[in-house]
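Presented sequentially are two complexes of chain A, the first with chain B as partner and the second with chain C.
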Partner chain A sequence: MVRNPVVRVVVRRLYLAVPLLFVVSALSFLLSSLAPTNVLDVLLPNGSPAQYVALAHRLGLDQPVYEQYWHWLVHALGGNLGTSYTTGQGVKALIVQRFPVTLSLVVPTVVVMFLVGVGAGVVSAVHGGAVGRLIDSLTLVGFALPAFWVGAVLVSFFAVKIHLLPAIGYVSLAQSPGDWARSMVLPVVALSLLPIAVMARQTREAMMDVLASEHVRMAWANGIPPRVIFFKLALKNASMRAVTVGGLQVIGLLTGTVFVEQVFSLPGLGSGLDTAASTGDLPVTQGIVVFFTVVIVAINLIVDLLYAVLDPRVRTS
Partner chain B sequence: MRRWTSVNRRARSAPTVHYSLVALVAVASLVGVMSTASAHTRTATATQAAAKPTLRIGLPYSAFQYYKNIADIPNSGQSGALELSLGYSSLFHMEPNGTVVGELASSGSYFNPGTGAQKGFEFTLIHGVRFSDGTPLTAAAMVDYLDFYAKQVGGYQGLFGKDPKFTAVGKWEVRMVLTVPVNDMETVLSDVGDFWGTPASPACVANPTLFTNATCGTGPYKLDTAVSVPNSSYVYVPNPYYYDKAAVKYSRVIEDIIPEPASELAALQAGQLNFAYVASDSSTVSAARSAGLKVESAPIGAYQLLLNEKDPSTSALTNSLVREAISYALDRPALAQLVGPGGYAEATDLFPVTDISDPSYAGHFTYDPAKARALLAQAGYSNGLTLNLALIEARTQDQTMFNGVAQELKAVGITLNPINYTSPSSIFSNAGYLLTTIGNTTQVQYSSWLSAGNPVTTWPADSYMVSLYNKAIRATNPVPDWRQMLQYESQESYFVTICSVSGIWYVTKSVQGVDVTGPRIGAVLINELSPS
Partner chain C sequence: MSTIVGIEPVDGTPAVASTIESASLFRRLLRRPAAVVSMVWLAIVVVVAIAAPIIWPHVATQNAGDIFDVLKGPSWQHLLGTDSDGRDVLQRLLVGTRVTMLGVAEAVLVTLAIGVPAGLTAGYFGGRTDRALGWLTDLTLSLPGLAVVFVVLSIFPDSMLAGMVTLGVILSPYTTRVVRSATLPIREELYIAAAQVAGLSRSYIIVRHVLSRIVGVVIVLGAIYAATALVTQTGLAYLGLIVRLPAPSWGGMVGDGIAALTNQSWLIWPPGIAMTLTVVAFGLLGDSVRDVTAERWSVASVQRPSRRLARPVAGAVVAPPVPASATDALLRVENLTVAFGSKGSVRVIDDVSFDISAGEAVGLVGESGCGKTVTAMSLIRLLPGDGEIVGGRIVFDGRDLACLPEKELRRVRGSEIGLISQEPMVSLNPAFRVGWQLALSVRTHDGLSRRAAHARAVELLRSVHLPDPELVARRYPHELSGGMAQRVAIARALAGEPKLLIADEPTTALDVTVQAEILELLRELQRERGMAILLVTHDWGVVADLCDRAVVMYAGQVVERAALTPLFREPLHPYTRALLLSDPHNALGGDELPWIPGGVPKPGFWPQGCHFHPRCRYATEACRQRPIPLEHPADARQTRCIHHDRLHHDQLSVVQ
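Showing the complex of A and B:
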């Protein structure tokens, strides 16, 4: 029996992840099987009926869906996620190759989201007045602008007009840190706009609530310095909501990578998933969906652990 | 309220300094990184100036999916001249003007094996050619490849008949004995042919799984698998064993798979790509022209209806009057605009983009609904009729085309009953269709396309058509015979061609040699490209 509540939360999360992964993988398999795109048409666009039958048999696509899923599951549990129908590349190798690109996109976006979003929320709550209204207006703009449109506009100015940043492509960090940064600026800006707006709005609301609370009023009355009140009392309490919203936004970013990686031609998991789904490449679709699910479980776990760090009640309850 | 305001004012000064500092540091860091990167890029560019440049090509996935490797070619029946020309050289090369010259073969000629004319062909390999793994190209290696290719089950394997024989004569000469005549063998064995003449290394032939991750040919470049990301970016580096090193003009060739034409255009404008192919998506053509890019286009296929006489549910289509009525009922220019304004042009010829097409066919079935109704009445269908039309539900353009065709046929009394299929395979496995729309890729090698083994051929019941085909396939100069056959086919309306589909290329001034017009129909070959 685990007594430490934090460890108990971690164990519980991991325990729940097992049925979650099973349900997600089964649903993903079923939906992919129902999709109208047939990988046989991709591989044999002008093939004869005999060729279709032979290839379907070789890929196991002539079996019922539940049997196909069972085969996939058995192999996946053994650590074998299969091979891409269209490229012949192992799915594990594909994930290893593409994940750093997606990570290069998501990590800076998360950093920017927290720094700018929380910062803007705090400034808006603390200053109020014209600055607050300006930030509120900007967050509304962030809500309204779709990432793909923002991406296109940024590209047309920074890449096409002034040739400062590349329009497409990815350079690895190991290859050239400077070029890596240049290749990531526009995608990160495009991807982070909405999360920044959400974070700013939520942080502002949370800060306003805390600043209006009894204990903060008491702090003012006792002459505690404003910096302590804003950053130690108010922001720390407001950070619970910021962490919750931030966790959800990070999960949302995974969806956003599909669009942004397409627009900027980044060879990450998002574009890989899009290509696999549009060509009926079931092993790749399954592999990336399951991997994303694992990432989401990990993010939720991190959020739970952050709760424990930020709120002593979680550690002792 | 007043108190809160005053507190806010008091608190404002300190954090403001911090924000400014943080912002200043962030901006300075960003500018620093940019400057470093730009300086790095400039240095790298200056260093590379003396060396060969990199060629970057943008391709949509729809174009690239067929070109993964040569082992897939026999299975997919698709050609990818540019991609294959990077890693694979061919026995013969077709010049942009259509002239075929020797490449890996110094000479080639027909001989009579005793079983009929144009069934024997022999060629001599040039010396000193090596595959990208270093093994030499010899007659034995060529025979191994031909035997391998003949055993694949694809669209081109029937071209040489059943069980063709390939023999090495000495170290450099190869003899081919076919079981059906082929009258344009040098073209078939060329870089725009059917890949019979594009040898792969003995190691890959012995173990075809090697094709998945490597190029196995004798071409000027080879795939660098360490830095390539399948379906996203393919990096080619010079083949150290290439026999003609002077022909290698680039230090690297990078193919970026960019699904969005707008992204391709932006990358071209930003100087990241030298040229790009956008398939038949014409949505960015105007913008590309405005940006000063050269826009090249060439017809790459056609939308056609296959009037299938073999359907057991009706005999209507065996009547040529009904077939002609369908052809007269279609407003081709309007339908071409419907599916793809800019990239599509009306056509009535079975092969509207080949050297055997005849412009005079274009006016043969001018839109005339009154004549269509009269022909139907003459055929005994004055009250109209219903036909099934098989179409693939996943293809949006097929649905659009169906709606357009259905509307125009309805106006003359023909009701179309759509039968949705999920794939061509399901259509092939169901013989009950009468009529279908297809996005047909037009081949230079029309002889193989017209062979009786082609799955979409629906006219072999017509003995005159077959006799014309057999005459053409044996002719030294088959073009007049093909034209006669197609004219007959057109008049009989076995295929109702609606419009041709164009492939579109955007070319910057940084590259020369992207010429898609002429008899090669859209083939761009790597050795013809050079930096400006």
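Showing the complex of A and C:
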């Protein structure tokens, strides 16, 4: 058995990842065999029988499902996730092209979530009363407003009415950092409302629990300044919960981008999913799902490692 | 049944009880305005979802309305205006309610249909079943949920049923987890065991006795998932993936509005407001049901201790000038009164006075709930919850701590008055190394550099006789034993070189051998550093070991003060006497330990007159009528008893 607990955490995560990827990829093949409409009808609306047979053969659809899956799996292990039915583009190339867009939406959102969410949670825990109630009601609003609708409202005001920010479109960071930032402000605001609300509420709860604990009472009794008690001692104890919540929110954000990318016409993985789903482009949706699953495994791994950093009990026991 | 197994079913007949409970749940909800408003709104939405498509059957297939009247704002003819094809927005909103709510219903039903049985099974059967379901749950939770919905929609194009069923499946592991953890405690209850012994089938027990108890939890989950499903359904409809045009849906209407945004920004508002209000209604309903069921559980089960923040409290009294000290006491507590509750409604400490000279050890003795700890904590103004000093003075070294500004008091805490507590293991912060925490205290009091503070921390650890202090400094609190942790806590209290150490039950949580070592250490520190100690305890043995004098407290009051020897020889308060007699150290082997009948009355329920009279065998009518003042029966002795001379006679005859 592995001695080092950190290594053990990593190994356990990866153990779970293998069956997970297997299930995720097998599932779509299984479902496609149950599909009511044949993908060939979509691709060749008025084709001759000979053309059907040729296309089916080219796409490998004339083989039994398990052979199709085996074929896919062997290629996937070699890094080839297949090609799009509709555009003929390689799925891997599509992911490589679109993932940076999604990242440039998700990364600032995560930063905003931690800064604003944790900040508001801590402030309301320390000050309590009215600020706490305000955060509670903002949380409810954050839950209730769908991101794509918030996006639409933001566009109608900041882009259409006062022409402050661009309504749609994506400028890559490498191309022009300033324009990139301008193009990302509204999408990030729309996407971050919910994660900020969740983070603020959970951080507040966690801080309240820590501030009621015996070791904080003893810190007061030791004359430790409030600044140190709140922001150095208690915040580190509460950060475990923030990290857990943060990990779950990042996972939610990955797919949450699909609606916001559509509102702002951002060519990321989310809008790739949307386009592929509406044209029945199974290799693309499947490839993106497998890719997302790998990203989720990585995020969970990062969360586990952060636990080990933040809590000595995880590290040494 | 109950006579055979010898236990009573807790809830009478659970099947009947559950019907009553559901009815009362509803009645309790009706008392909450937020719940009523939510339920009314949701009822309207459901009625509209059913009725609107029947009233306006043509709307679902209408491709264009009045093409000369497109993108108009609200008017009498079209209350919510018209869309880019000239169709009436209000009609589309009402008719579109059906497909929206249908999608929500599909997802919620699926998630509950999977999650509730799975959670019940895992919680009820436990063991291997539980582990297998737990693994499946973990697996499903690691899926990129919404992306899976897109895969399914690319296989079943335009199928809302397929999409929402998939969403339901994706959400079900959360339900499984919550239902499982709600089932676990119920499974342990006696009437379940009784039902099993009575030979009822497992499925019957699960459905009748367990499911009926978690109805509240299931409703809360249903409401949360309805909100989630609504946001997802409208999003998918906005993307045009689940509702075939021209049929209206709330999400689709937002999409129409976005397409027309540059010409008419009004169109995104009606569907947006409908969505938001409905999600809020689900959220508020869920919160209300949770609160109502939690109310009910807290009545039946153990009362959850309210979360109280131990925080510094503001000084209550405006500072009167402190007169030059009459005695040379280091600490003089005069008529200290502490109250809890809003506006200080409940007194917990009543008119407490005592003093401690420099280098002296004084024991504060009494049963649990007498106010010893509150008295000790109020000296440095660290009261739990809404506790407040409402009267009296705490003169320490020429200053009144009861009304010292918080900022100055902070300089007293730790550096002039130290504290060690009952639970050494939890008194240190689990996330930081022991050495770092000690160094933090050192730096706070001395302003030393990091390196010097660390060296001083190691030195402090050595001074409390910890072997290998360098190594201990690098440890985390969970790597210490209880005795080591208490030594570390004492070392930390010494960091500021206090003149007074408050030791609140410092040995209670420790093994007997370790107790003796810690007491020896405290005695040594008192001797060598000339440090005064206020020892809070219920253990006369500990008092005898360490203290010069004792202050006995009962129900918020000081009942006796005396030097230790005369107190032990001749207690002048019936409570002190009873407490001494019931001490296990005094009992002879084989003797039954005498005990004091009754219990300490809770604050707010103190009897009139002498607080001890209901438990006192000397009580007379005079004891019940008016408060008893402290009397001075002898030099340096005080007792709050008018019958102390009767007690005096008794001692002579009884004790020996």
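We adopt the following convention: the second predicted complex is superposed on the first by the 298 of 317 C-alpha atoms of A that agree within 3 Å, B and C clash if a C-alpha of one lies under 4 Å from a C-alpha of the other, contacts with A are read in each partner's own complex, and residues count from 1 in each chain.
One rule holds in what follows: contacts are C-beta pairs under 8 Å (C-beta built on N, C-alpha and C of every residue); 3 or more make two chains touch, one makes a residue touch a chain.
Because the structure is predicted, anything quoted here is derived from the model rather than measured.
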| item | value |
| --- | --- |
| Clash or fit, chain B versus chain C on superposed chain A | clash |
| Touching partner for A:W220 - first (chain B), second (chain C), both, neither | both |
| First, second, both or neither for A:S84, with chain B first and chain C second | first |
| Dominant contact partner of chain A by residue count, chain C or chain B | C |
| Which of chain B and chain C A:V263 touches, first, second, both or neither | both |
| Which of chain B and chain C A:P166 touches, first, second, both or neither | first |
| Which of chain B and chain C A:L233 touches, first, second, both or neither | second |
| Chain B versus chain C as contact partner of A:L254, first or second or both or neither | second |
| Touched partner set for A:F292, first chain B, second chain C, both or neither | second |
| Which of chain B and chain C A:F99 touches, first, second, both or neither | neither |
| Region of chain C that runs into chain B when the structures are aligned on their shared chain, from 255-263, 435-443 or 489-497 | 255-263 |
| Where chain A meets both chain C and chain B, residue numbers | 36-37, 42, 152, 155-156, 160, 167, 220, 262-263, 274, 278-279 |
| Residue ranges of chain C in contact with chain A within the complex | 138-139, 142-148, 150-157, 227, 231, 234-235, 238-241, 254, 257-258, 261-262, 265, 268, 272, 275-276, 279-280, 283-284, 307-312, 380, 382, 410-415, 418-419, 421, 423, 426-433, 440-441, 444-445, 476, 478-479, 489, 492-493, 495-496 |
| Chain B-touching residues of chain A, taken from the complex the two chains share | 36-38, 40-52, 54-55, 84, 86-89, 94, 97-98, 119, 123, 126-129, 152, 155-156, 159-160, 163-164, 166-169, 176-179, 181-182, 185, 220, 226-227, 229-230, 262-265, 267, 271-272, 274-275, 278-279 |
| Partner chain A, residues of chain B touching it in the complex | 3, 5, 7-8, 10-12, 14-15, 19, 30, 33-34, 36-38, 40-41, 61, 65-66, 68, 72, 75-78, 153-155, 209, 212-213, 229-233, 256-260, 262-263, 266-267, 269-272, 392-394, 422-425, 428-429, 441, 453, 455 |
| Contact set on chain A toward chain C in their complex | 16, 19-20, 23-24, 27-28, 31-32, 34-37, 42, 140-141, 143-149, 152-153, 155-156, 160-161, 167, 208-209, 211-225, 228, 233, 236-237, 251-252, 254-256, 258-259, 262-263, 273-274, 276-282, 284-286, 288-289, 292-293, 295-297, 300, 310-313, 316-317 |
